[in-house]
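Presented below are the structures under discussion, each in the form of structure tokens.
What follows is subunit A paired twice: with subunit B in the first complex and subunit C in the second.
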Partner chain A sequence: MKSTPSSKNFYQWFDPRGRSISSWGFIINRITALGLSLYFILHLIMLGQLTQGQQAYDGFIALVKNPIFAVGELLVIAAGVLHGINGVRIGLTSFGIGVRYQVMMLIFGAVISAGIIIFFGFRMFGGV
Partner chain B sequence: MIEITWKITIRIPRQRQDEISAEWQDFSVEISPDETVLDAVEKIWAFQDHTLTFRHACHHSTCGACGMRVNGVEKLTCITPIREVTRNNGTLRVEPLRNFPVVSDLVVDLSRFFEDIERMHPPQVATNRQDNLLYEPVADESANLERLVDCIECGLCVSACPVALTDNEYLGPASLAALQQALAASIDTAEIDLADHHTGAWRCHSAFECSAVCPSNVEPGYRIMDLRKQLMQKNFKQWFGGKGKRA
Partner chain C sequence: MQSSISPKNHENALLWFIKLLAGGLIFGLLVVHFIVNHLIAPGGLLTFNDVVQYFQNPFVLIMEGCFLTTVLVHALLGLRSIALDLNPSPKIIWYLNRGLVLFGSLAFVYGIWLLIKVSSMG
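Moving on, here comes the complex of A and B:
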């Protein structure tokens, strides 16, 4: 029989078609969590360069000064902010606080996040 | 009075229990836009294909039998007007609910879903005050009036739930909401411990899709959050020396 729950269905988590605004919080949290996990792994790899000696580390640092990596850093900040603020919303609702206003909190959190991300964007690229 | 008729195409996945994949079949239907999606499905069965299988009973959103996915969104088809989900010459995708085994065409097997709800001992009837969530306003004069509990056991919430998509063991929004209602109604056989499990209230990931699609305003998502609150109160009491059998 088809259509039974299966871990193979996980890709449907990321399909927002027909879903309510609350699902955007769910989807954003999953995407940002995956992004932050990836960043964490890359960060550990970068730190691992320290064990390869000064030359290898300096070479790697020179590489990540490329502007493309700065965009990546902004994405990491965006992911951290979105995941953190939405996490506060989920934490509060899980304690039974503000459940009725969870959609409002999601929108408010998104606006605050956008403000923080734009602020960091200007700080990082405003002088370019 | 001018009677308007729309010509629409309805796409339905045809499958039997033992078939691995479904085959989409298109049906052309002439129908008033004020008729419902269930009316359209019945017209297909009556005039085009007697082998089409689907569930239906009351036709006024009381029995919960006709839950289906209409253009990817869970709907009670008996109260979903055609004009709300398509346009003249448009196409309508009608599918069985997700997260349940498909028995045939648009029919899914809800037996485990019903058993899980039954285990929670939900009240059939409750007073307004007992059945309302804390934040819902209750008029004093109606507080002690009895009413049927809202859930019509249609399964739309389970179909919409992203966690139920991937976790076969998850109790699901309807069962957890039923437990919250049972606890609110102080039913002795209701056990909050049933929700205190990784497949219970803690498995919910707060997408609130269950509340968005519920045709009966049960607000399962909000009730799961209330259960979590009760569980935390109970567990904190137990961890720090209190009795706390039930919050």
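Moving on, here comes the complex of A and C:
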């Protein structure tokens, strides 16, 4: 396969065949980046409710306490944690630190991420 | 068969380094943001009065302003990297660069205005 980036490569993101574990790390970072960017825009718009006074803000907070929004918030937390921890690995390996152990770092990061996401999941849905 | 997807793109080293640096700063600032807004706050969300009171603190204003700036820089450079993966034409890259700078500038002005407006509501 050619290594030059092209629009065809976009569709290969969704093809799970023959993919290395490092490639999964890269894809997770890209997908979570897109999700977090969308959330960031929505978050800025939502904060605009603050300028409309207490009633508008409290009405919005009541809306986001809906379980559907809570699931969405958990997805945002999951994306942030995965992107952040995987990003640290990418940052370190970019400077040549721990390149030999990058697969181990990816697995370790995934385990830590899973622990944090489960903690927030229990906390948000009343388990803690 | 290994995937051909690779992090290589046409991003220059300086922009890549700025993105990495901003990512590192976000990691630290996000921990503080998460603890204050979602762990300390009852039910995981601050009330209106709590938010206004929180933004009265000048240190918080500076911290949230830095957070906004670093998130914008990191997010927009990251979106540019993803777009470059698709190997767009120079003309599209030209529009993309200007579009991202325009969006980033507007979002920055809006975010700073929001910070100042909320802090003055108390």
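Criterion: the second predicted complex is superposed on the first by the 109 of 128 C-alpha atoms of A that agree within 3 Å, B and C clash if a C-alpha of one lies under 4 Å from a C-alpha of the other, contacts with A are read in each partner's own complex, and residues count from 1 in each chain.
Criterion: a residue touches a chain if its C-beta (ideal position, glycine included) is under 8 Å from a C-beta of that chain, and two chains touch if they have at least 3 such contacts.
Since the model is a prediction, treat every value here as computed from it, not as a measurement.
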Pick one for A:M124: touches subunit B only (first), subunit C only (second), both, or neither. second
Looking at A:A62, would you say it contacts subunit B, subunit C, both, or neither? Reply first, second, both or neither. neither
Mind working out whether A:R17 is in touch with subunit B, subunit C, both or neither, as first, second, both or neither? both
Touching A:T93 in the superposition: subunit B (first), subunit C (second), both, neither? first
Of subunit B and subunit C, which one contacts the greater number of residues in subunit A? C
Please write out, lowest number first, the residues of subunit A touched by both subunit B and subunit C across the two complexes. 1-7, 9-10, 12-13, 17-20, 23, 26, 90, 94
What residues on subunit A touch subunit C, complex-wise? 1-7, 9-10, 12-13, 15, 17-20, 23, 26-27, 30, 33-34, 36-37, 40-41, 44, 47-48, 50-51, 53-54, 57-58, 61, 64-65, 80, 84, 87-88, 90-91, 94, 123-124
Where on subunit C is subunit A touching in the complex? 1-9, 20, 23-24, 26-27, 30, 43-45, 47-49, 51-52, 71, 75, 78-79, 82, 84-87, 107, 110-111, 114, 117-118, 121
Where on subunit B is subunit A touching in the complex? 15, 17-22, 71-73, 96-103, 108-109, 135, 160, 162, 164-168, 170, 205-209, 211-213, 221-222, 225-226, 228-229, 232
How about subunit A: which of its residues touch subunit B in the complex? 1-7, 9-10, 12-13, 17-20, 22-23, 25-26, 29, 90, 93-96, 99-100, 102-103
